[in-house]
Amino acid sequence: MSEDLGEWDDSSAIVPEIEAEAVVVVREDCVISGLSEAKEVFGHFGSAADAAFDEGEFVPAESEILYVRGSARDILQAERLALNFMARMSGISTLTRECVLSAAAASHGRDIRIACTRKTTPGFRLYEKKAVFLGGGDPHRYNLSGAVLIKDNHLQLLGMEECLRRARKQASFTKKIEVEVESLEDMLRAAELGTDIIMFDNMSPLEISKGVEILQKRGLRNNVLLEASGGITPENLNSYVSTGVDVISLGALTRDARWIDMSLEMESRSADTNRG
Amino acid sequence: MSEDLGEWDDSSAIVPEIEAEAVVVVREDCVISGLSEAKEVFGHFGSAADAAFDEGEFVPAESEILYVRGSARDILQAERLALNFMARMSGISTLTRECVLSAAAASHGRDIRIACTRKTTPGFRLYEKKAVFLGGGDPHRYNLSGAVLIKDNHLQLLGMEECLRRARKQASFTKKIEVEVESLEDMLRAAELGTDIIMFDNMSPLEISKGVEILQKRGLRNNVLLEASGGITPENLNSYVSTGVDVISLGALTRDARWIDMSLEMESRSADTNRG
Amino acid sequence: MSEDLGEWDDSSAIVPEIEAEAVVVVREDCVISGLSEAKEVFGHFGSAADAAFDEGEFVPAESEILYVRGSARDILQAERLALNFMARMSGISTLTRECVLSAAAASHGRDIRIACTRKTTPGFRLYEKKAVFLGGGDPHRYNLSGAVLIKDNHLQLLGMEECLRRARKQASFTKKIEVEVESLEDMLRAAELGTDIIMFDNMSPLEISKGVEILQKRGLRNNVLLEASGGITPENLNSYVSTGVDVISLGALTRDARWIDMSLEMESRSADTNRG
Amino acid sequence: MSEDLGEWDDSSAIVPEIEAEAVVVVREDCVISGLSEAKEVFGHFGSAADAAFDEGEFVPAESEILYVRGSARDILQAERLALNFMARMSGISTLTRECVLSAAAASHGRDIRIACTRKTTPGFRLYEKKAVFLGGGDPHRYNLSGAVLIKDNHLQLLGMEECLRRARKQASFTKKIEVEVESLEDMLRAAELGTDIIMFDNMSPLEISKGVEILQKRGLRNNVLLEASGGITPENLNSYVSTGVDVISLGALTRDARWIDMSLEMESRSADTNRG
Amino acid sequence: MSEDLGEWDDSSAIVPEIEAEAVVVVREDCVISGLSEAKEVFGHFGSAADAAFDEGEFVPAESEILYVRGSARDILQAERLALNFMARMSGISTLTRECVLSAAAASHGRDIRIACTRKTTPGFRLYEKKAVFLGGGDPHRYNLSGAVLIKDNHLQLLGMEECLRRARKQASFTKKIEVEVESLEDMLRAAELGTDIIMFDNMSPLEISKGVEILQKRGLRNNVLLEASGGITPENLNSYVSTGVDVISLGALTRDARWIDMSLEMESRSADTNRG
Amino acid sequence: MSEDLGEWDDSSAIVPEIEAEAVVVVREDCVISGLSEAKEVFGHFGSAADAAFDEGEFVPAESEILYVRGSARDILQAERLALNFMARMSGISTLTRECVLSAAAASHGRDIRIACTRKTTPGFRLYEKKAVFLGGGDPHRYNLSGAVLIKDNHLQLLGMEECLRRARKQASFTKKIEVEVESLEDMLRAAELGTDIIMFDNMSPLEISKGVEILQKRGLRNNVLLEASGGITPENLNSYVSTGVDVISLGALTRDARWIDMSLEMESRSADTNRG
């Protein structure tokens, strides 16, 4: 909380401690999130904020999204930090929602999930994952404790059989086991060994489609969840939708989301009557 | 540090505690930063890392940038967090460097600074500002304690004379006073009142050019630093360079920077001889 | 770390800062754990400790398990805290091992897991779970983030169908879904709805056996993990083993474990030659 | 507080944010404690709890001890942690009360104190000591700062005269000095040197009785407090009561206390009218 | 907050939890500060306090400055810490005010600032600087991030030209650059090189006066702020005022300030009627 | 540690990362303390320091007390904080030593202790108490947990008999009980009721002398420790010594101690040969 304030804030000190109102306005269409974080920021600095929308709701450009009351000084001190939370999180929620809707349209009624990855800003992961969730995505794999993830580096060190043997022995029975594969041979072996989830890692839509077909032929498709990941962007997303996987993961959701443009406008008390 | 690990990491638990080596490779040209943060992350998890480049150095695609030694388990636990630091920070340093070089070329030898803003990811500001600095930018205004910044909201509440009077009275003599202006009238008034820095806030290059000219005519140009900010992108940057300001601030440096693509490759001990 | 020391420790202040050695001896047979915690405690207070056994190893009574070197003052300040870690954790590991071995003997070769619960000492859970793991148990359900657990309170509020529908919609695809049931009707419904894990909550061995039989008859047994929990003690454990469930959970592992008796013995430097 | 929750709790996420009430019921007779901790836990998670008993009060089996109001989601998230505090602390208070009453009965009117030791769960000491206090025991020696405690390891290093000389010189005049003795010779010497408290460490009731007699004969009994410690259990407690010491310390109070059986029951709002 | 309380406060435990009122009275004339800190301390311990004066206001001896309401126990636990804050901070504010008034009288209408230094109690700097500010002083140079300060050790390592070149290149354009000089030659060079602030370090009033004269003659006086520091006390302050510098810094403001004598008086509820 | 550094230290950034040496010199006679704190500060910032004296040793003016090695940048960043620790703590140790020696001379061989009070800088108490201890004083009453202190506010609320009854019942048998008295009647009652320590609170030397005499006449003097406190300064100390009390407490030790004058001098590497 003190990151934006520093130890001695002369800029706000010049502002008198008069009561004021402010409103946050978004300048473009978006799926809003970060409202509860912004409210907490304003509260921490001594003012109070009410949201005009629910978290995860679609908001048209030029909407007023947050009403703030408190001393002018307190409001100005909290302004930048609160906006940073909402602008960054809403950008992620908006991009996620676009991907979710696009995939739903392309999947012809089949259930398909859009997920993010662990490629997140250090220290800010919780908020980025929450923004994905509010956008309709799957904030999966919050951290290394969430499930057992067997990656190429694990396979290379121990081989797939040994990895799965250890995973079953070491990990709790409550956790699913997921294997990242880079070839259809590995995919088949992982399915035959009964892994819960298979992730196609950096494989082309064509190859993935072939893989799904093979699993269906062998009667293994229904026992396993299939995830595509690596090199997927909002632009090429739909070519992965049509492969028949259950989940599509995009690092882009947290990495490439734009900030939503929004600003805080101070109002004089006398202007109150106009809004009421 | 525990954000990516969680309380109970079964994935790494399946990896034996054998000694291993790994190397981080960048997949595209970049200005590298975050190396010291990555080294600290690996150190925290019990392995050791050496960098092959200096912070802020240009690195061509496919270069090995970091050599890691330690138990395979420790390396894999630190991997994601270390990469997240470097990929995010290097993206910012690279974009900053591009802007710095582009502005330098367009300025015909006049000194001009590229700066970032306070639009940063909450909790990660220190690293984003450092990445700007390593890219050659000015990480100015770390927080509200750095200088006295009189913004439109202040002006609206108190008027410019009163703001400056308070700033001079309240703030330490060691701090510069900066005023954000949205019109040339305000600019002139701020310059006449002896403010240290004037920021043109969301004004067009044309208008800013006119403002600089006015100040020069009135003999006020040399007593004040001029900064352009608001709506500036790497694309339209050079039209602001030619206005004659001293500093150009882009929120885009920290908001729109891409992640640099990089990955960690595990090496078996026997492969060591090949690299030596 | 300061809990046992307080702000001003006059007792150790009377001890000169002479170099000393000490050894920790266990007074009864046990499965040892907490060695790495004890080493960290001694290290924190400025002395160094080496373990004579691996974590989770069986140790006969009167064995020396830890050798400590440092100033007499530092060793005495760390003593109580280090012993508290080892005595408490080893008690849990020992009780867990007894249950694991007893269940293995009674299960006639069928795989069966012994697990603990979330009934742990506040603030000390990580260590209690680790002690269960080192004793050979399943430290499952570290916290509410590990898996989706649908409890009687959830069922009562929403009904089973709605609970499962929400769980599938809200929770990540990487998580298993577990339902606690208190009747065979509920069990059957949960299995038919495709839940991953069913927990028999406070049901008698006889009833559980009947439940397993029903599932087998309906061909639902292989698609679900079965867990027995509630009212199970080391004494009545084996009557649950014979029901055919996959996992047996005992709150007793963390609640009722005894402390293992152990003590630290200071040695004068001159006695060194005897041990070398 | 986050220990039981983790970063992402899907289980409670399936519960709607409807208002609910819950009641905690104890399943066996006990001396209750941990009520204020439980109330703080519920408060931290956004609900409110009222206690039906005072801390340290005797509570018969099947009593309702705590009424909770809040959103169903908040209540369920706090449930386990709140119960863990109360079940563990009440177990200690109950065992302490049993020992206090038993010793009082056996002492024929002479004042005698029941105390715990420093053998406590790391990180949870404050709560265990408080539970002893609420049970009527003496939570003495909270940590090494409380009094000067001269132990066998100190005596072995420096001798008793030197230990006492240093203790008097180094320690504040506000602190009492206690010496642990393992023989009647040491006891006599400590008493003659004017120590404030003598602790009989791991000595039999017979030997301690002899010691008390010797001190009385020599007229030293009234100047010193006598404590018995080591190997004392609730079962053999009364044989120590009859030795004539002032204080009896049992590690068992914090080490061997059972958890009190209690559970939280959710109530639908419509059931409200029944209780009111 | 726990510094004064410790883990187990038996002294207050003897006080019943009855409602009480208390008043804090100052025993000597002073400029009061630390009121908001004291209110926070009382609040933290569960009572409530109202101030009868503003921060930084002059308060005559025997005034009641703070009214406290809460349980007698809570008030007594907070008493010492709250008084320590106010007594220490008010001492600094009072001394600062004395210096400010004395300098104003001696400066014949010329603006002159009284500032403190970085010689502050570790961990308590924020409060000491705030007390200086409330006394009317300049709390400048909160820490090393506030401005660029080039000290004798820097000059000795790199020379003045190189120091200023680096400072201009490395530091943000928003920061002023200050040079500490120990001779008039250095002063002149620093002024010619365009530094923002020059600090006369441990120089006599006579020499400083000469320095100011030289700068005026050369037409450099108006472009630079002048600060005197080192060896200045409230007693010799005015001889520095007459040198013509803009700022005078005294380590004495934070180092040598006396504690203001004040005490808390408990009132019985029945006495309430008298005060109302 | 970051208090003096801030987030972005441009001043040290201008210093190259060359190896350097520095020495800290005291400018006046003192009893030195804070050496270990200073060493920790330098270590935290990456350099290493060796002390030339022991903590609590008398050091003549112009002595070199600490040798520092490291990068020039690291040393300069740590300088101010390290000096603040040593200058403040040594000032307290020096004043304490003066009082201890003065009281010893005046007491004609009778043991007498000089103690400090709880009037300490918030957050810095541990260091102030340690400085008193190193000066030869009694750092008594570290906080409210150290002993049972019955103050005027307690007596007023409950009366002395009730206070002592509760103290005996509530407090651990390991703690001494001290009563603050403001009259000889109260003193006599406290002694007759068997309190461990009596503190004469703000009473004149004459009255205290009378009190000691009364206790001797009644044969109560040997069973109780006597402390004088309130209004005692280094100047009037000896008039309290002659009253016959055991302990004299001065808030002045921590409140009025001067800072010891000391400074850090940077040395170029080439100068090394001179010192060796």
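Lettered A, B, C, D, E and F in written order, each chain numbered from 1.
Note that contacts are C-beta pairs under 8 Å (C-beta built on N, C-alpha and C of every residue); 3 or more make two chains touch, one makes a residue touch a chain.
The structure displayed is predicted, hence computed values, not measured ones.
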Identity of the chain that, by mean CA position, is farthest from chain D:
B
Taking each chain's centre as the mean of its C-alpha atoms, which one ends up farthest from the centre of chain A?
F
In whole angstrom, the CA-centroid distance of chain A from chain D equals 47
Using the average of all C-alpha atoms in each chain as its centre, how far is it in Å between chain B and chain D?
55
For chain E, residues that touch 2 or more chains besides their own
6-8, 126, 139, 142-143, 145-147, 172, 175
With touch defined as at the start, can you tell me which chain B residues reach chain E in the complex?
113, 115, 138-142, 145-147, 172-176, 178, 197, 225, 227, 246-247
Footprint of chain D on chain C - complex, ascending
3-16, 18, 20, 72, 76-77, 79-81, 83-85, 87-88, 118-127, 142-151, 153-154, 156-158, 163, 166-167, 170-172, 175, 251, 255-256, 258-259, 264, 266, 268
